[in-house]
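Each of the next two complexes has subunit A plus one other chain: subunit B in the first, subunit C in the second.
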Partner chain A sequence: MKPSFIDLVVAEFKNFFIEFLRRKSLIIALVMYPYLLTALIMFIGTMFGSLEYFKQKIPADPLLFFLASSLTLLISLVIIDDIGARFIWEERMGTLPYLMLIPTSTAKLILASPIPRLALTSCWVIAVLAPTAIVIKGVGAGLAVVLTCLIATLGALCFVGLALIIGGLLILSRGEWSIYWVIRPLILFISGIFYPTALMPIWLRILSMTLPLSYAIEASRMLIAFENPEMRLILINVTLMTALAILYTPLGLKTYAYLEVRTKKLGGLRI
Partner chain B sequence: MKFLFRIVATIKANMRVVLRLKLRLFSSALTASIWGALFILPLTLFFRGEDIAIALAYALIAFSMFFLLSTASWIGFNIRRNIMNGIIENQLVSGLSLVEFITAELVTGLLYTIVGIVTFTILASIALGIPALNIVSVTALVIGISGLFLLMWGHAALIGAATLIAGTSSIIIELTSWIIPLVSGMIAPLYKLPEPMKIFALMTPFSHPCELVRYGILGIETAISLQLELVLGITAPLIYVMVGYVAIKYAFNKIRREGFRTPTAR
Partner chain C sequence: MAKKGIEVRELVKRYSTKIRKGFLRSETKVIEALRGISFDVHHGEVVGLLGPNGAGKTTTIKILATLLLPDSGDAFIEGYSVVKEPHKVRECIGVMLTVEKGFYPMLTGKENLEYFGRLYGLKGNYLKKRVEEILDLVGLKELGAADRIYEEYSLGMRARLSLARALLPNPPILLLDEPTLGLDPPSARRIRELVKNLVRKDGKAVLYTTHNMFEAEIICDRILLIDKGVIIASGTPAELKKLVRGFRAIVLKLREEVIANKLIKILNTSGYEKISKIKEGELVNVKILVEDPERELTTILKLATSHGLEIDYIAIQEPSLEDVFIELTGAKE
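Let's turn to the complex of A and B:
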């Protein structure tokens, strides 16, 4: 009997949460990472430079700006890691043969894998961001936190198509991890995760316009950190991100399926 | 002589791996540089538009300090990986001591660090502009860099000893690689730190060589007198090396008596 998509999601939930609860240090790290990243950037920035110049360049609260960016970074990594590198990871762990034996399409399996993590990270974004946002902007920031979380999660989901292409290329390269390690931060850098794309050189700005993540980052930051967020601009970013997802997701699914068959023919997946 | 021979032999073996995996040397340097650019280049947001070149020079120094410490931490932690791969027992049985092992690994690590720093400079120059470096004192720079290398050895030995004795996890290593540069004055100049943090940083061995490098290459004033800093820039790391040496020797004797705490995977 072929497992349904729901069965796969439930299996992934069990797999993920058992592993997650086993690694206590990971739980501490998840809460600490966004604050550590924000502290690092703010610390270096204020020690060498001045908050005044920051506010002249970006009309936003710097703490919320970098905190929202750190959280979007961590959510984006869920999709890049779970979809982009899933099979290579399984191959390394020696569990790939079992996955290949499941009577379902591998693309379906890959699409089910980030759902548990996204569910956890969404709750975690709210838990981490809400106290700081409420202290800085007042109780009214509660809705903005929920919307920021939704936009960041939607942005990560819009990235699925590109992540599938990366995953396909990765298995075709016979698990060349070094390529993956470069692609991972490069996508985040081009998306302007900590450095607004508007301040980047024109060629980097053009590159960032092709990535759905750039729009998610921009919209979520505007919503939570900017003093007077323009709803029109936020909606434009969300629309562009969704449009790119509509373009990339079917393309990603087709490309992945093609590359997987090709890799199997070439004997690339070592099972 | 045997000590040197064993170190050179280990470096040769490491270099053979590096040369065989050419792409990996470049890609890991590129990866570290992009991550560095991601977290350190936002520093330029805190500067006026016309001061970007100076901000990039600060960013370059901050990245270098962070990268050096991170490399040292991972060298220490790699002992665990070598245990899991079943390599280290063979190395120890063949007569290589942990002190020699760390020294040889440090040379390989330095190669990665240099490639990483060069790549970061190229990346920052392409994305935002060329950093404005201005060498003020060669003496301070040479003593500072020598002190940094000593610090790296001491830190790798301490992390290595902790890994062998307690079986430290990779997340703990990663967190300490973040926290130590922040609180010990490795990244930011000491005179700009809040008073309690400055006092704490002065008590650690990390801040002194970094102060000298910042003075030597950027002309940033030191928190204490330059003469005193020139002495501390080398003596403080030497003390740290001695602590690391004692710790790794203790760990070596302990594992010989009790065996490894980390299980071998193969």
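Let's turn to the complex of A and C:
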């Protein structure tokens, strides 16, 4: 019997929540996550230049700027990790071959797998950060946070294609998992999470334009950090991001399928 | 109409691997894991793939399970090609790989099965009922393990759960890779009995790999002897034993390996060829295949005592599958 995509999502939901509720460290991590990340990003951000310099270049409140960054980071990490790092965990547990044995494409399951955590994280981030924003900047800012979260979630979904390619490379590379811990921060840096792309050298900026995540970050910052966000610019960013996703997702699926076949030819899948 | 069951045709698989020659230097070496094996498994039979470690058993199972692609050749499961129609193949098979892992450690046995059941498109009440039924079947319920987390499972429980998952979607074909390796006797027995029942009652086709000759003899309807990627003989256990018909075994038990080696050397120089050595606890068994053991026994004893070798125990046995294997491969251990 072939499972539908909904069946896969339901399975992932149950699996995720059982594990989540059973591991206390996971609950604590989730609660602390937004606070810790905001602090970290502010720290890294200020390391690269003084707040004064920042204010000259970017007409936004640094605090809100970093808040927007951490929010987008939180949500996009879910996708990178649930798709990329998932392969690492599943291989260690020995479950990966069994996931590849289900009577549907593995890629479909991988696409379903980040949905539960994405949903939970988005809701939690809204619950934590919206009140913070309201306290600092008022109701308008709170609303902006909610909208930003939605954009970030969309941005995270747009990341699926690239994450699939990373996942495929991870199974092909047979034990070279440490590549992942290099790729991950690199992607995050290039997309301007830690440091605005506007302040980067031109070649890095061009590279960042190929990442859907960059547009999500850009859009969410405009929304949250500026007094009167220009809706037209935000819309352009969201459109560009979606366009890239439409290009990348089928490409990611194809590339993943190719990499899976390569792995099976080389005998790389470890059991 | 395509053939049912498992049909394997001329499978070849090579792995290239690096031989480390030091800190940085390495050499690429090609290992021929399968050198063109062919066989069939029909519905209603358990076929054993019997061979020592490294013979190519797991490689065969992986190819049939679509987890590995052959370099050449093909195999068909219920008529579907493992190379060209892997999705169709996966709908027909239940697979058991290494028994010690393969589940989510923080989930209970039942929750693990429900998760995998959903991935097979089972849902709602049917899924719940099926999971209960299977947990009962493999004996995890009577062990009180169904609602304990997987992390705490013994190897025997893990193997049972693994078989349970393979059976969950009720597939017509089972591919079991050393399912009883390292298990406690009751778990191993339960798994063998279950497999036998599934074949008799439901007419499943089962490919069962093992390196345990005793196990192969009791569970398999037919046995394929595999060594270094080649099937060297096949047939029912009785047919295989006919390959060494006319021969019976003299078994000598000795205290020390040195003595055993000395004895083997002496026997070799006296013209005995079919000799093997197997460790059994403290003792070392030396087995000699001969046509007329009653007569040869005195000769052998004379040889041993004249060299001052002490023998603890002597027996004459019918040949076993092991003897067939040794006869065919010329392996000494």
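Note that the second predicted complex is superposed on the first by the 253 of 271 C-alpha atoms of A that agree within 3 Å, B and C clash if a C-alpha of one lies under 4 Å from a C-alpha of the other, contacts with A are read in each partner's own complex, and residues count from 1 in each chain.
Basically, a residue touches a chain if its C-beta (ideal position, glycine included) is under 8 Å from a C-beta of that chain, and two chains touch if they have at least 3 such contacts.
Source: prediction; values computed, not measured.
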item	value
First, second, both or neither for A:189, with subunit B first and subunit C second	first
First (subunit B), second (subunit C), both or neither touched by A:39	first
Which of subunit B and subunit C A:264 touches, first, second, both or neither	second
Which of subunit B and subunit C A:4 touches, first, second, both or neither	second
Partner chain(s) touched by A:178 [first = subunit B, second = subunit C, both, neither]	first
First (subunit B), second (subunit C), both or neither touched by A:109	second
Touching partner for A:101 - first (subunit B), second (subunit C), both, neither	second
Subunit A contact footprint on subunit B (complex, rising order)	21, 23-24, 27-28, 30-31, 34-35, 37-48, 55, 58-59, 62, 127-128, 169, 171-172, 174-175, 178-179, 182, 187-189, 192-193
Contact footprint of subunit C on subunit A as seen in their complex	1-4, 7-8, 10-11, 14-15, 18-19, 22-23, 93-95, 97-105, 109, 261, 264-267, 269, 271
Partner subunit A, residues of subunit C touching it in the complex	13, 15-16, 58-59, 62, 65-69, 87, 90-91, 93, 95, 97-98, 100-107, 111, 114-116, 118-123, 149, 165, 169
Residue ranges of subunit A in contact with subunit B within the complex	25-26, 28-29, 32, 36-37, 39-41, 43-51, 53-54, 57-58, 66, 176, 178-179, 181-182, 184-186, 188-189, 193-195, 199-201, 204
